[in-house]
Amino acid sequence: MATDIVMPQLGESIAEGTIVKWLIPLGGHVQKDQSLLEVETDKVALDIPSPATGSLTEILIQEGETVPVGTLLARLDYHSESGNGDPVTTPVQPSASFGPGYSTVSGAPDLLSPAVRELVTKYQVDLGRITGTGMNGRITKKDILEFLDKQALLREEAGDSPSVQAASTASSLGEDLIPLSPMRRTIAERMVKSRQTAAHVVTFFEVDFTTVEKARQDLHLTYLPFVIKAVTRGIAAFPILNSSWSAKGLVLKHAMHIGVAVAIDEGLLVPVLKHADQKDLLQLGREVADLSQRARSKQLRPEEVQGGTFTITNHGGTGSLFSTPIINQPQIAILGVGAVQRRAVVVNETVDIRPMAYLSLSFDHRAIDGATADQFMLMVKSVLEQPAWEVTR
Amino acid sequence: MEISQSEFLHLYYYLRLTRALEERVTTLYRQGRIVGGAYTSHGMEAISVGYASALQADDIIAPFHRDMGAFLVRGITPGEVLAQYLGKRTGPTKGKDGNVHMGDLKRGIFAFVSHLADNLPVATGAALAFKIRGESRIVATNTGEGGTSRGDFHEALNFASVRRLPVVFFCNNNQYAYSTPLHHQMAIKDVVERAKAYAIPGEIVDGNDVVSVYLTAQRAFQRAREGEGPTFIECKTMRMHGHSEHDSAKYVPRELLEEWKKKDPILNAERQLKKLGYADEPDFHEIHMRVEKEIESAVEFAEQSPLPEGPEALEGVFAANPVEVLI
Amino acid sequence: MTTSAIAHEVTYLEAISQALDEEMSQDERVFLMGQDIGPYGGAFRVTEGFQDKYGEWRVLDTPLSESGIVGAAIGAAMMGMRPVVEMQFADFISCAFDQITEMAAKNHYRWGAEVPLVIRAPYGGGTHGGPFHSVCPEAWFFHTPGLKLVAPSTAYDAKGLLKAAIRDHNPVLYFEHKFLYRRIKEVLPTEDFVVPIGEAEIKREGGDISVITYGAMVHVALDAAEALDQEGIDMEVVDLRTLSPLDTDTIKDSVRKTGKVIILHEDTKTGGIGGEIAAILAEECFNALDAPVMRIAAPDIPVPYSPPLEDFFLPKMNDVITAARQLAAY
């Protein structure tokens, strides 16, 4: 008995995925729930567990290939291993358990649902080329969408795509062409889109990290949890910073889900600390460490990179002093944190050596004005410079 | 207690204004210019004029459909009343509701609903607000004897008494609930009996004597203002027209109407004004002419006012919240 | 220096209590009326200790007089107060039907008088309350223009929606599900927050089938979604949160994505809110439908008392699973 391995839907907006690596070789044995392959999408990279115990009898899509969600990737034979002929998915039950108040549905083989009719008209689909997988062979919406995806894939493979032409040209000129990974494409798309839509303005503040320095040594933390804490306090005072742009108006988010940009080998991921305002410094420290570690090892779940309401990028980690970050749409601001450096500063009319850093706030001038942005930054600065830190929420 | 000349002339003016306005309503109804029903307080004007005149400016009334005098005393103009009857945009409900179904919080008037006695719990609630906030404002509410058979009447009296709320309940006992005579409505002779069960002091007054209503109301209002709780005042009267203007009221014996005609509240007031030396025929004529003129211009205002546009029907189901989620 | 705060989990019931407490302490116009809410603290102990804190006149014990009390709340609301009336059980709201549907619902439309009134209605079955302590009465009021209806499914929504209801300028019926009172809990934000009235929430994202539901049934739907996940059926759970005015955009967006829909509610089927949603989808999302719209609701009978009867009556996870499998295969 064989089961199909298909490209999973990793998050609601994901249309395709790239096979990074087959973790089980062809013919290899795999346990149910053991990692079978590594897949990357434009949002996450993660391991896909096997749906059953068995041996990998067929690999249809090779490493490095990008295919639409639902594409058949491989086949797993588990008949020989378990001797159990049960299919993996539970078959449709008759509706016997329904009480008197419930509806049941029945299909007709030649029935085209309104959704299917619309797609057929829109894309001029030849229904003769599609085999229905629905009840009594009904052609479902999914069948049409999968068919359309395959058609698009075939056109690309036919060799008329610009990337293939560019590749041949590049190599002939003594240059190397680096293919764009899905993550690279996504980053490129989103950054350009953000630049094109938002009215970016950047404001800079200098912050004295003396008390943070002391507290973080006591608590064995990085600077980041303190910055996150200061940002949540800033948002509490100026909630508008926690809104997102929409055509109808600014949507003010009540929950503070703070995204933290993490550099990984392939690019950049922004895991999100949910309800960051409700967590104490130690919790924030733990979660930042956990999310960064799992971002690098591609263990993030789709929901862990979604739903952010404000983003922090810690470019100082690589020695950068200033930066003008690009806003993570549809949010309206992003905070850049520069490197903390010991500098001579004037304090109480004398020169003192203090750990200092530059903070930059890129904000969308469509949504807020400079005065609001600066008041928010003053709040963040004053929280970071508070005389004594406590591990409170 | 005595009534001053200026107070009495004020009451008399409003009796005449109410009578003249409602007579005009009847005329407009018979001419087919009023599209819906028309309900008047003909012969019962002394009750609403009397109690409403005894209130202070920031008090509240929760009236019913025989209370035209109270609406006018509280500042609803005859023009607004006629605009309301004609379904015009200038009426207090902008055409959303008809006839006497109108209110205005700025003028301290709760609009009533057709479900009679529903306004009584609402009146007690306003009194509760005043009590909680320690204000000396009071509420006056009125219903017919018909409405006193409903549960809301009893729930309102009970709650008002338990919490000693500053509300005064009037009952316009006009002997008929539509066509049903009093003895088929209740097994007691006087509606005031009902108040006893709630330990509310009750009084019976001649509802056709505006001065009696006025002075009794004043005393009850004073009690309420001083924290002594509610009073129930039964005003005995007679409905001289049908339930509404389409109803010929043939079920009411003619001799009963003839008898009550002699007790007409306007004639009654005139007799007393003359006796007290406060006014005489030339004064009555002068007031009558003034009132007629007011009604003429009210008709003109109402007729020249625009009707609402159909889609305005969609407006106002909800009050807008000042705090919106989208900013 | 390091006093680590432990996040405190709050039940659905405590969330309601917190919302009342916070609104009363920050707005002196807010006051409570109801039966046994004073020294006794309410039949479900939502207002325990409130009378000591706010006094007899802001936590007002009333006679058995639902119509009179709702009427009084309307009068107080029109005089600038913010009354919150507790029905001891939602079932008894029928006694106040007239005041709610004729007075509260129509005042603003007729003559512009705002009625900022909240009626809390502890509703729903699963607690062996029988025909008079289990009812879901929302559909009676769903049909009445001028009322807002909310029905939270989580502690967060319970608190946020009650605060929003109290701050709203209109009459709001707040349906709190008795079965959830002490069965669910979560950590709530310490700051002031509201859940805006009129916004549904996707409680679980999914691509195959939309389940549109509210109240205790949200949890039934989520359990079913978890179970179906293992079968490769990816259900989206839309929690309406506000029943009136309905967030039709969120409903339609979800159905346009999935093409298949189950409408699930605990209230009886005929004339229930599900029928209206099905009609909206038929009118406005016809071209997005890839399968018949299915309703799962209680049968058209009063809520029976005996456990096997009540269990039969209430929609269950298996009903959702069976319907979802049919739709997935369709």
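Letters are used for the chains, namely A, B and C, taken in the order the chains are written, and counting of residues starts over at 1 for each.
Just so we're on the same page, a contact is a pair of C-beta atoms (placed from the backbone, for glycine too) under 8 Å apart; a residue touches a chain by one contact, two chains touch by 3 or more.
As the structure is a computational prediction, the values presented were derived from the model and not from experiment.
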Quiz item: Which chains are in contact with both chain A and chain B?
Solution: C
Self-check item: Centre-most chain, if every chain is reduced to its averaged C-alpha atoms
Solution: C
Practice problem: Name the chain whose C-alpha centroid is most distant from the C-alpha centroid of chain C. | Solution: B
Quiz item: Taking each chain's centre as the mean of its CA atoms, how far is chain A from chain B in angstrom?
Solution: 68
Quiz item: Roughly how far is chain B from chain C, going centre to centre by Cα mean, in whole Å?
Solution: 40
Quiz prompt | Whole-Å separation of chain centres (CA-atom averages), chain A against chain C | solution = 33
Exercise. Hunt down the residues of chain B that sit against at least two other chains at once, touch-wise.
Key: 325
Quiz item: Out of chain A, which residues touch more than one other chain, so two or more?
Solution: none
Practice problem: Please name which positions on chain C make contact with chain A in the complex. | Solution: 1-5, 7, 160, 187, 189-191, 193-195, 205-207, 231-232, 234, 257, 259, 268-269, 286-292, 294-300, 312, 315, 318-319, 322-323, 325-330
Quiz prompt | chain C-facing residues of chain B, complex | solution = 60, 62, 92-93, 96-97, 101-105, 110-111, 113, 115, 118, 120-132, 139, 151-152, 155-156, 158-159, 162-163, 316-323, 325
Quiz item: Given the complex with chain C, which residues does chain A contribute to the contact?
Solution: 9, 11-12, 89-90, 92-93, 95, 97-105, 107, 113-118, 134-135, 138, 140-142, 218-219, 236, 254-255, 275, 277-280, 282, 388-393
Exercise. Would you tell me which residues of chain C are touching chain B in their complex?
Key: 31, 57-58, 60, 62-63, 65, 67-81, 83, 98-99, 102-103, 106-116, 145-146, 148, 167-170, 196, 199
